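Next up: the structures, one after another.
Look for chain A in each of the two complexes below; its partner is chain B in the first and chain C in the second.
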Partner chain A sequence: MDFSGAFSWVNIRFLLEGLWVTVQVAGISIVLSFIIGGLIGLVRFAKIPYLSKIVGLYVEVIRNLPLLLIIFFTYFALPQIGIRFDIFWSAIVALTIFESAMLSEIIRGGLNAVPNGQMEAARSTGLSYGQGLWYILIPQGLKKMLPPIVSQFIALIKDTSLAVIIALPEVTHHAKIIYGQSTNYVLPMFVAMTLLYFLVCYALSLVAKQLELRFK
Partner chain B sequence: MLQLFMDHSGEFLEGLKYTLLSSVIALIFSLIIGILIAIFQISHSKPLRIVAKIYVEFFRNIPLLIIAMFFYVVVPMFWFKLDGFTAGTIGLTIYTSAFIAETIRAGILAVPPGQLEAARSSGFSYVQAMWYIVLPQAIKIVIPPLGNQFINLIKNSSILAVVTGLDLMYQGDLIASATFNTFDTYMIVALLYLILTLPLSIIMNRLEKKFAVNG
Partner chain C sequence: MIEFKDVNKYYGKFQALKDINLKVEKGQVVVLIGPSGSGKSTLLRCINGLEEITSGQLLVNEADLHDKQTNLNDVRKNIGMVFQHFNLYPHKDVLNNITLAPKKILKLSQEQAEKEANELLTKVSMLDKAASFPAMLSGGQQQRVAIARSLAMHPDVMLFDEPTSALDPEMIGEVLDVMKKLAAEGMTMVVVTHEMGFAKEVADRVIFMENGVILEDSPAKTFYENPKEERAKQFLSKIINH
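Let's look at the complex of A and B:
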């Protein structure tokens, strides 16, 4: 079998274009879900009456649904009630909804792991609750949270591949188009896709491990 | 929404059946493979440790979709035919086993080494010490994260929809495109998934708290 044609310049460029879309979608989703997940985690940690409970219910529901369903829902069901995103933003919205719920749990857990006395001490030295959170609890909690947060980002990058079902033109989708042209291209394209994801995700997992060692 | 469910209840329940079936099969096999890989990882043989490490790192760092599509597209092309359900379930098993291996390895390592030593010095053999002293403690540590892996497994089984695996997500997709009522269809699918995952999630939260107190 002749595999040589698979990696023509045109095909490589096409794959890299896909990678660029993956990077954009993952990058934007990481930033958005970190911000939203952080806010949700703080609200749940602060135990604000009613609000924390409602947000907690939301997180539990989202965390227990498949991401694939949320992607389908965002792209196919929301237009029925008048909310419309294009493919690119549907993928980002769905990923952000799902991953921010996951991240909020990590952040809440990290804050809970800081001993109670820290906040009490901060309050008794005259800091406000907000100051205590920002200057005392968050810096300490962050050490516990960072490694699982990076792991969650790895999961997010892998999860962008699911957007192939709404034809987001990312790596997996472009690889599919290329191997659709010839059966000779199937195996090379699978190797190429696997390598691209593996290199990005493995590099990040090493970062997570380093962080874990440093903060221990 | 109720009307839609009534009209298509057969398909929804059929999908639910395949989702459950795939999850249970994948759970059993990924537990077996995961435990084996975990034992390899803490064994004294270097080649075994290296093989186990490559397995875990490789499959944890590539998308489940690629593994499932490999069995759906590549394997039938070069080796033997697989239907969507089988291909998806094999992919799910391999992917999950890598995560389970890590969970179990961490659980065994979390039991203080003094426990094994103390058991040995009071006359237990290595196997007895592992069986009566180390494993019961490791299981306590491992059960909550394993439960979370099972929840992930159920959610991830929706990957079957991409490889025509007849599962809940797949049926929902068919119903949505037949009725054009996407909103209600996906709402029903969501509720059916929650019926499977939410009770598990609540049980796991309880267990986590209980084991944390007993420490």
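Let's look at the complex of A and C:
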């Protein structure tokens, strides 16, 4: 078989364009889901009346749905009730909905893992609940949460490939178009995708390692 | 300074404090003893509002703790608390454990907060460990830092919940010495402890609790030499023999 044509300049460029979309969608979703997941985690940890129950229901529902369904839902069902996103933002919204629910559980768990005595000590010196969270619980919890949070971010990067079903022009989709041209390109494209996903995820885990060291 | 009037405290259906009446005057040192589960920690934690009383009245520094208008954060600024397991902040060094609250609440400058922290560390003989993290300190050292952390807010009252029971025997003395020093300076103190030597030396009164009830409230000397209550006698003989 002749693999050489697979990595023509045009194809490489096309793949990298796809990768850039993957990185953008993942990056924006990571930031949004971290903020939203963080807020949900805090609300549930602090057991804020009513609000905590409502977001708790959200988390339970979302966690028990396949991501694919949520992607379909944001792209095909939401427009029927007048909420319309383009493909790019549909993918981001769907990923954010799904990953924020996952992250909120990690963050709540991390805060719960800090011993009760920490908040009590903070309160006993006159610090407010909010100050106790900010200065005492969150820094300690974050240290415990960092590894699972990073795993979840890596899962998110990989999950962007599911958006291929709404034809998001990300790397998997572009690879598919390329190997659609010739069966000779199938194997090279899968090797290329393997490498690209690995590199992006590995880069993220390296950043996380640095962060972890900083925290110590 | 502290006054309980017919205070009751429930955890759900379980009554942990029953009709507590108790007055602690300024400058007094009161020792609280009693079997495990008798409500000593609960009583102490009500004083700084870590636990809410269910009924009755609890006055601390003229503030009515059960009144919704009372700002508990303000009340707590003036009440220090020392815990059995120290509860130092593991992610902050000794100095920052102490300066956090004064900086955030009393709005002290970094410089002023550090200056006061260093004075307190000198007082508890821990100045050389200012840059250490709690995990590097022995239990006795951690507890002395915890006392300094409480004192940094210039409290009028100090609460101690079994401050030496998690310590190795050889470290108990160094913590009790700091507490004796505080008592000698006129600090109002409520101390849950079974350290009889400490109680005899510095306590004005000993309060004996059982099942959420105050059974006896006597001057320290009277209590240890000649307790009025049969239950207190039995309890004392147990802790002495052991």
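In the analysis below, the second predicted complex is superposed on the first by the 201 of 216 C-alpha atoms of A that agree within 3 Å, B and C clash if a C-alpha of one lies under 4 Å from a C-alpha of the other, contacts with A are read in each partner's own complex, and residues count from 1 in each chain.
The working rule: a contact is a pair of C-beta atoms (placed from the backbone, for glycine too) under 8 Å apart; a residue touches a chain by one contact, two chains touch by 3 or more.
Bear in mind the structure is a predicted one, so any value in this text is a computation, not a measurement.
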Fit or clash between chain C and chain B when superposed on chain A: fit
Residue contacts with chain A in the superposition, chain B compared against chain C: B
Touching partner for A:A167 - first (chain B), second (chain C), both, neither: neither
Partner chain(s) touched by A:K143 [first = chain B, second = chain C, both, neither]: second
Which of chain B and chain C A:Y135 touches, first, second, both or neither: second
First, second, both or neither for A:Y202, with chain B first and chain C second: first
Which of chain B and chain C A:F72 touches, first, second, both or neither: first
Partner chain(s) touched by A:S124 [first = chain B, second = chain C, both, neither]: second
Minimum C-alpha spacing, chains overlaid - chain B and chain C, in Å: 20
On chain A, positions contacted by chain B and by chain C: none
Chain C to chain A touching residues, read off their complex: 48, 50, 73-74, 76-81, 83, 85, 87-91, 100-101, 104-105, 146, 149-150, 152-153
Chain B contact footprint on chain A (complex, rising order): 60-61, 63-69, 72-73, 76-81, 154, 158-159, 161-162, 164-165, 172, 179, 183, 186-187, 190, 193-194, 197-198, 201-202, 205
Residues of chain A defined as touching chain C within the complex: 115, 117-118, 120-128, 131, 135-136, 139-140, 143
Complex contacts: residues of chain B adjacent to chain A: 57-58, 60-66, 69-70, 73-74, 77-78, 151, 155-159, 161-162, 169, 172-173, 176, 181-183, 185-187, 189-190, 193-194, 197-198, 201
